[in-house]
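Just so it is clear, A, B, C and D label the chains in written order, and each chain counts residues from 1 on its own.
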């Protein structure tokens, strides 16, 4: 499947507008914590749009973007975040545990290192059944602090499991650092364990598309696991645990209107994968400004509809709390 | 402290005769499992004889040799293995949990990976108090399968803790394999975590002495942790969990009497660190055959006394089972 | 009915499962199969029959648990044997936070049909780190089934049910049960969860015992019968789900309760059974409930010390005498 | 007496400990100190005063636990804060097999004077993985002290005792207690372990409650008092050691018992208290014991679902009514 700037930008915008809507709804509905994926759109979209039926996906506390990137219904996702009966998990999972098995999502774990551990089980099952599918583990750099990540990398390499380890590295030394590894090179340990590794600029969808394409080809070819580090620039509103909406609603026209990008968050705006991608695609003629505005309008419209669906969805019956634990 | 062939061989013989006595006592007293250190004498003796007051030692299920190498009273050690009141821990620890704080031994853990984890705490305390001491973690190659080992290596490197990681690698692929790493190089992961690493022939006390000396100098110099892999040849009687006394009581004259070393365990006898060292020291003139026989007689005499002490020691009072949990 | 050892009955349950469902795999095969009393040729035949499905993994309990959880969600039916129960503590988060939550957290969309097996108990020389009886910790979880077989027939039937169950199931085997022999029905059968077994009928006192302690309770009952005290011995067999009706029915008949479980006394299976009866069959109780359990101390190595804290038939007899006198 | 929040009282206990003993270090400082209601200048002053002793480690709960255990044996007095209690499950083997065994296994030669602190409880939106109340699992261990503070004064006094204790001590703080305010004595003080607090005197029924549930029990007692039912509310404060005498004395007075604990019902603290009373104060009991606890299910995210399974004052009132009627 060839890389489509239009489809990719559309998906990225949907991811962004989704997260902005979560911020709005969190205020309106007095929700607790969420971990937003603003700034991770290029990686999520370009990676997850390449997956096939039968591939399995394992994600983390920062899962919203992955769901939307893979094409999960945004109304059901918002409803889940609101704890509604119409949500992806009937309101039982919430922001941290969204899933959609029809699209390959498996249990979403908010335990740091959880997704990487479970993914080797998916890889084990896919290999056992020779389906040709790939298990994709999405996780932050912080997961590599946990022993379970090491054990998972080791067993995946040892058994040559079809797992793509996709690390979203948003750590910069200092305040925003989410991992504390003794090495600055995140690929050093997987490489030591004989896993083929690569790093990619996670803010560049085209580069991600290529890198993930190569990684998936490796894994599907029966060559064992692959570790891809995507280097991301951290959104200033993203703190270790909770977000703050310091950068305001994204204005896509800042992709070409430099005056709009000269506030205190100018550096962020230069790095914002959406503004950056829109800017580059316009510069190379793949898209026009009008295309971008139109795509953004579509995204906004879809998310508005999603909100309407979510807010109209009733809460589940309280007794549902006891149901569905055992078959 | 200069390397002394005589003192080292004496210690190695004591370690061997100790373990052989454990086999005897296990039969006589119907004991359960022990993990013997036959074949590990060169490493244990040459490493632990170099430690100083204030150094801390963390060992494993295969701890007997380490205790004897460091100079722990062999009578009290045998008494502990028999569960007697006169044992190192009053009979409460047994074979797996012997300790002797006066000689620097801390809690001995029979959990694979346990010693390596606890050792960083020792290193942390030594660094905090600036004592110049070193925490020595002794562990098998199997420990590197556990996530806790990875976490420990990482945190030791990150905080530049004064820890010597001393890995007794007795794995050979196949039946006797005690680790299942995706890499054959045990130093690959610690190296990836920026720990200085080396490997040494663990059957050669002189090489071990040199390697451990260099490692200790590095750590005492405030340069952070050091990882030393000692490659050991596995004693044929040592199976993953229990031992079998397939090679019989060691005959030191086999170090020079080739006829004695031509049975089904000839390969073992070629590699047996005691026979090898005795042979080499005689060859280079550092010791005579008579020296070796005399040292061995001393070792046997000490262990015979140790047995007498241990067997004469009474069992603790049953109610002692409830005492000493809390202060 | 053929006579089998507990260990062989367990292996037979697994062999039936391997044969009838290609999704069954055994991780941690060596310590489950070897030196368990199988004839060497039968053991070899098993390894030969399922070369890819009997696996000895790295000593990495955490990811082994994640692996079976992930594989179970993806449609397999894995069986993980940890060896000694304390080793599973290395995987406690993977058991409690991942496996146990799969079903509820996904709104029932995902299942984790997996079995987690461990050898537990005071076994003779296990000392502090190899003697745990952690059943109460698993009982205090949410989302796991908990099975404590106490006889060869139940070992086979309950294990078979555990593997067939669509829920994550923890099975705890007392090491000292492995050599117990008994009659086991022929062929492939399963024993339903949530149905207690009345191991002995009696009218004077109810003894609820689990795992190895069922044997001790039965021994105690024989001794008590000499004195004319007829104890009813109930083996719940599964703790989650628990057959509360069977326990309460028995206490309603006898009016007296003694619980026997090898775990630490505090917040134990015995505490739960006692609380349950004090809640649901209080009016039938004629005397204080008495619990037999290990005192809450780590197990010391030395044989007389270990024996001192190990629950056994004598202690059960003493407990029954105490409640009969009251 | 000054009024303080629970969170600040805890921080003050730690600050006193840091000042009085150079061997005290805090691992996991950020989530213990930040956003806990300290004045910004006070928080900054703390970080400045102890630059090497307030540490934010890697997300490696396992080795952080080994580290504090090893450091404690070597003579330090470390305090480890895990954040959410489920994260400590990553370190369960290091807690249960290493820390808890240090003293007994060494024949009393070694000590592990360390404090393990975690935030627990159903907290609002915590869902399956961030809502656990694992106190019973720690109570079922052997070799650990277990502390459940329920008021700001006790938070400060018990935490201070925990740090001073020469034993490994687990302290579990319910997240929802952090903002509770109350009177706290001035200066550096400690509250002894093993002494229950009678939070409210009463003659009709004994309510034994822990942690956040003490507040709910007191609310329930006020409501019941309107109807003339005078409940005595007992807060054990420490579960290991447990003040069994205070509990039995109260039940001997009232003849009725309701237990309230937020953990899963099965093998819970409530089960233990109920069993204890059914054993030791049976003759004083006039009615069935009633337990209030969470049902044994993972916590669902949706607010009405979460509320449905959360023990609270209304459920305590209902439980008391039930035992009063019997």
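Definition applied: contacts are C-beta pairs under 8 Å (C-beta built on N, C-alpha and C of every residue); 3 or more make two chains touch, one makes a residue touch a chain.
Bear in mind the structure is a predicted one, so any value in this text is a computation, not a measurement.
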Chain whose Cα centroid lies at the greatest distance from that of chain A: B
Chain pair with the greatest number of C-beta contact pairs: C-D
Chain pair repeating B-D, as identified from B-C, A-D or A-C when over half of the contact pairs by residue number coincide: A-C
Centre distance in Å when chain C and chain D are each reduced to the mean of their C-alpha atoms: 30
Computed distance of Cα centres, chain C from chain B, in Å: 37
Intercentroid distance (Cα basis), chain B paired with chain A, Å: 48
Length of the line joining the C-alpha centres of chain A and chain C, rounded to whole Å: 42
Per-residue multi-chain contacts in chain C, two or more chains: 57-58, 60, 62-63, 86-87, 90, 93, 97, 101, 104-105, 127-129, 142-143, 297-298, 300
Shared interface positions of chain B, touching two or more other chains: 87, 89-93, 97, 109, 111, 145-148, 151, 154-155, 158, 180-181, 325
Interface residues, chain D side, partner chain C - complex: 86-87, 89-90, 92-93, 96-97, 100-101, 104-105, 127-129, 132, 134, 136-137, 139-143, 239-240, 242, 263-264, 266-272, 274-280, 282-283, 285, 287-291, 296-298, 300, 326
In the complex, chain C residues that touch chain A: 25, 52, 57-58, 60, 62-76, 93-94, 97-98, 101-111, 142-143, 145, 165-167
Touching residues on chain B, where the partner in the complex is chain D: 56, 58, 87-93, 97, 99, 101, 106-109, 111, 114, 117-126, 128-129, 135, 147-148, 151-152, 154-155, 158, 323-327
For the chain B and chain C complex, residues of the former touching the latter: 31-33, 80, 83-84, 87, 89-97, 109-113, 142-143, 145-148, 178-181, 315-322, 325
Chain C residues touching chain B - in the complex, by the definition given at the top: 56-63, 86-87, 90, 124-125, 127-130, 295, 297-309
